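Before we start, here is the structure in question, set down as structure tokens.
In this document, chain identifiers A, B, C and D correspond to the written order of the chains, with residue numbering beginning at 1 in each.
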């Protein structure tokens, strides 16, 4: 009853707040009108009382920090203005980032300012104090902690693991569990079986000429930046005779990696093990010791698969050892990984493109797994459960009955960013501090120790996981910084002693350690801590053992149900971020909802009508093992038959206002024994229809010169196939003489994977507002940059080419001469300037733009859409104006960065250096497919790419002379399979 | 075949004066009052919806990206198109000395004025920030910024305001003698004073008539090219772009013909009921119906020929976007039904006017006229909206559908037009008295001679 | 019938028509003139401040340079208003009992900022950068007037777009030896030398120089 | 400025007779005979234009069309001048790679300005030449003058002042239904001794 009260009080306060604010607006507006043009109240200036050391008003300060997703740390550089973080960039030196970021890193700054974050401690729904919680945490249970259980998210943070062991010392009998719905790393059991030690695979895609991805979406995982960059360096075909790698993909749904595949086989996930076995049978010459299991598995292929395997084997065999790589996805069972490792061994990749190292996120850290914990909770063997982070009540497997189990625990604490579903079931709720508000550390996938540095004091006085653990462990309350500092200093011979008041006093025996610490803080990570690469000795017996287990297990039949991590809201933890909810998902271009995906053949078989994307979609009820979920269906060409895939992370029911009621919760279908894919699902068509919001309604290009594609062979045959798309066009207009920098952009479609990190980066940099699902359906989305995914090839072999489309800053811009008030004109350095305060909103420019990249403020989005209000306004970039209602806006090539560089150059009396200015999208792109710079900087990649024969202008025939140049997409299909 | 005379019977001057100005001071008829009330209601609805759009934003309409222009610009082009027939009748036919124009030129000219008033509303309310509309005017601002005269929108602003001014002057100049007639013939001292002020003291002096005839002729001479230029400028809103379906050089003549075509249809739509309501069959005879119908047919055929040209050019250009817009988007795309409505109403229905029986039958001409105007509205719809829906950039393709605010504002302008027209019909002699007398005198002389 | 209109009706009608036509034009002209007067853009309108800070005393009498308080004028877009600790640097010792400086002391000890009233307030869509102007050789007085002799700071210039364009169109005229100070080894060097009215000749005139 | 132009004062100054006729043919014959007799027919007030009377009363051509041409010329130059000043002289911007002075794009507004100025010149030129608006013109005080816009035709005959009775009789003889004269209006006040002839009854036919 109490929490309903809290709910009502919180909801009523929000409603009052809205009506009050609306009323105040009207009063102030009418007062201003009434007072005519008397000088309105002067604006106030509030200077500091003391100047903070490193804050210069008006100048950005940059801090190196890192962010842990799925436990792995990625080094970031955060831009802060007057003490508040506004933009996240990658740390160019950090091995896991190399300067790039993905959608979740860019959106993390919005999560910091999310108005729905938990603000106060509460006990059974009623407000409580931190001191009361501290008292509980200091003594959660009596005795050795037999009845104390801890549940944390898997993490690579040495500090967290140290504190967990401290808790275990104080309560030896307590047990710790690490759980995440989508682990995000390959199961260690495979390496344990094959090599005897729990090791993590280390891929070197930059030397792999053939990459085989068995249900492995390695280009779009939260730590995809390094693999994407390596894959792209090998993928880019430099001159027409250059080499290029070839990607084979086997996958159930249509993934980002699948869209870049040269040879793609859409198959249910359960058949991947058959293909792996067949490959092993063909490639491993040693006698089959698995008494027929291998032949039985390999024999179960249909003829398409047999042709695929035959061609793949021939291709792999023809390559030098160590120049190929076979990857199995984290969704596949451990045995398939054993087969994959075996294949790599057979191909001689061990030690070249595949090596191993210690696991950054140790799987074996936990004492028991979640089902065991759930059993104990049901049995009442748990008196106190501390859940720090995550959201098990929402994303625990459905068959564990987690919420009932939690109610069986007398006292439980949930600490999390949001008061989500788990908070409602737990006794205590404590707001967690955002990573940008805490000190902490973590390890990248290769083990590099990376620091998490706070950019701002905690907005709501929340605390970090390490502080809570320290209280439970009875450690001294010195704060995370001191712990980190002492963890850094101890191995270097520093002695730490507590002074009388319990605060730790450092005794610096060595000033060098202090300066080393300062350098570490400045860089954000320490390269020397990377795990050494190991080349362990495989044990053949494990392979036969895996084969027999696979053959014995019933592969399951009927409709397969695939649970995929959502490419935008991850596993549900980012479901309240408006940028990610409105981000058009790669390939599908669906926002604000998830859906069941299936192939046209499966849809026809199940009697589901095909509909246009703009029309309301049919709804189905998918049931599996007595559980059923309703949701809309989207038919995808290129999706595997007899398979229904669905994104996890939607249908949230916590206190997060934006996430509530968006999409449906697919976790309810997920059981513990089949977390990635389950067979035997049944689908029943429902009568009702459900409207979905797509930003791109048409997939084909209809012979327009937008995204040009070719094959490597054709490209080598006649390289200048794009000549007519860049030939000089006759024009009666005089040539405009530009001097000084000439800003331009080059985009290589071959290595654009469509991951849309650029879209979120642009949104963060330029204060692009969110419009809500209804307005996205009305065609009023505001992203300045959209990634168009066009379907290429026949329905059977559907492949997608992604084209980031933003303002092309045309030389003879069709939008400029139609504007009646000169609100959009051309600058001497080649920019198509959009002057927001001069625009009256006739929208003629948008009509005349052939690329349709102009966005219009149909309403005042900051008032009209709830997601733009509240503390998210703290994230606004002060260098860019927030546009008013009735004004056109578009990509400006990040003109605020260009002008800032120009001002710096003018002050330092020099020219703008090459590479000094980069746009937000070019900076974020994991594969560096977007390059920005000036045509006068000859040595940059941006200019060199334009000289390549496959470069062309999009829609060249319109004669607009765009400045953005694309490089046609080159595929490298296997000649036998085309 | 006996030619139905332009004027039936040989009424004397006094009879004509009384017949043609009686309606001004007679107490309003119930039908007129009812219609006025209804159209007044619609007009209020229009202003309410405009205020609602100004307070919330243009998002209330159905516009989106890529279809950034929809109902507002369709209605603007449709209304300004309707206006052109009025000027055409009163100016061009004056220069061609077509005697039959006399009895219908004033109310046609009034139709122009009120249509231009409706058309003028739309460019202002469809702006994103209408409170800065004055930036389209080259005034010396502290910002020292000027409008961009290479764009078609300042041309529109100049063309529409010039057209309204010239039409107003031309209409008022022709009206002065008749206001003098009412000033002298009407009962009620205050009514006569009001008309007297507007008649500017006109006393039919021969000295004035010499200047008057030249002024009237000069205005007619200027209005004729103005008609052609205004709708060419309006068509240049689309012709100067690079959109497939818009950027063809045929647009100016095509739009002018379309304008006069829908204008004549609106003249018929208004002429037939007025004739019946005010019992003026002997002044606005079936000969007028016949001639207006002939002109409607002529301009209709020009429009049909333009369709043919457009489709031929699209096919001949061989460009994928052009070909797709004409042969897929228009014919089978979303909203294609409106394209077929336009084809039926603009191509098939006017062919009925080949038969004189249809041309002379008031109800038949009225029906054809209304269908023609529906057709011309649909033509503007498919030209503007469907061309924008299926344009170069395939990923931005999106269908358009109007919202209730769109329909409300369009119906509001229809009501407001009718409201103004009814006021004109009642309080201004809508048939030029002196010209009809002159015509009656000429016919009488022909008859005797 | 006796004349419908009394003799004075003609002058009345002509007067009325004249009034309407002439009046509207005059009204517009008055509006355009009013916009340029100090009443509209608050020029020569001293703004009350919470603390009676007197520039004459500090700058003219004590000779304190502008940049002592406005510290970030040469490295940031904003010139910067001094933190309370800077005032207390001196006023902890001298005038530390004065009633006039009570708000300063209160602000320092309660760690609450002094709420100054902004005098030179450009619209939010204008991104003026102090540092590039200062480095180009523009004097503070050229835009802010002779602050040294102002008891209370007031706007001297209109700060309208026209005011900025006058200088941007011909920087040489406003800033002595502008090109020597901004002599650069860059390709746009000669451009600035002959900065004309055409945008492609004068990058200072392009819109995104100030509007982003 | 507020009073009708001075050059109409000459018209007010002359003593005149207003002769009312029933039909245009009667008025035309009367006017011709009067001119033959050497009497000055200054003006004619008719409900509809009568070409013959116009030839008699005001033979000289009107100069209005010339002034309209000049007005049009001024309009065209003003239009083009504004466009050039705004886009090519004061703040020349690079708009779509088009030259600041783009003559083809400036033609429409130049044409519209020409038509606007020409029309305004025509309309106000006519009002100026006709001396309108002139509400309190002495003609309106002539009894029965309101029928001038209905079905009666008036002639304005100049009185030499000496043989008024003889002229008046001649007019009646020529078919004038009523003759009323107003002495020269030196001063704006009404002249008490205006000679009023009782109008006779309805016309003969």
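Simple rule for what comes next: a residue touches a chain if its C-beta (ideal position, glycine included) is under 8 Å from a C-beta of that chain, and two chains touch if they have at least 3 such contacts.
Everything numeric here is computed off the predicted structure, so don't read it as measured data.
**Student:** Find me the chain with the mean Cα position closest to the mean of all the protein Cα atoms on display.
**Tutor:** Measuring from the global C-alpha mean, the nearest chain centre belongs to A.
**Student:** Counting C-beta pairs in contact, does C-D beat A-B or the other way around?
**Tutor:** A-B
**Student:** How far is the middle of subunit C from the middle of subunit D, if each middle is the mean of its Cα atoms, in Å?
**Tutor:** That pair's centroid distance is 59 Å.
**Student:** Quick one: subunit A and subunit B, Cα centre-to-centre, how many Å?
**Tutor:** The answer is 58 Å.
**Student:** Could you grab the centroid distance between subunit B and subunit D? Build each centroid from C-alpha atoms only and quote it in angstrom.
**Tutor:** Measuring from centre to centre gives 32 Å for this pair.
**Student:** Report the inter-centroid distance (CA atoms only) between subunit A and subunit D in whole Å.
**Tutor:** It comes to 84 Å between the two C-alpha centres.
**Student:** Going by the touch rule set out above, which residues of subunit D reach two or more other chains?
**Tutor:** Each of 90-91, 93-96, 98, 105, 133-136, 140, 145-146 in subunit D touches at least two other chains.
**Student:** What are the residues of subunit A that contact at least two other chains?
**Tutor:** Each of 736, 814, 817, 819, 822, 825, 827-828, 838 in subunit A touches at least two other chains.
**Student:** Do you know which subunit C residues sit against two or more other chains?
**Tutor:** 4-5, 9-10, 13, 165, 199-200
**Student:** With touch defined as at the start, can you tell me which subunit A residues reach subunit C in the complex?
**Tutor:** On the subunit A side, the touching residues are 37, 39, 42-51, 56-59, 736-740, 825, 827-829, 831, 833, 835-838, 879-881, 892, 895-896, 898-899, 903, 905-907, 909-911, 936.
**Student:** Which subunit A residues qualify as touching subunit B in the complex?
**Tutor:** Residue list for subunit A touching subunit B: 614, 696-698, 700-704, 706, 775, 778-781, 786, 788, 790, 805, 814, 817-822, 838-844, 846-848, 850-852, 854-860, 864, 884-888, 955, 957-960.
**Student:** So in the complex, which bits of subunit D are touching subunit A?
**Tutor:** Interface residues on the subunit D side: 93-99, 105.
**Student:** Enumerate the contact residues on subunit C facing subunit B in the complex.
**Tutor:** Touching subunit B: residues 4-5, 9-10, 13, 28, 32, 35-36, 158, 160-162, 165 of subunit C.
**Student:** If we count contacts the way the header does, which residues on subunit C are in touch with subunit D in the complex?
**Tutor:** Listed in rising order, the residues are 1-7, 9-11, 13-15, 17-18, 165, 197-200, 205.
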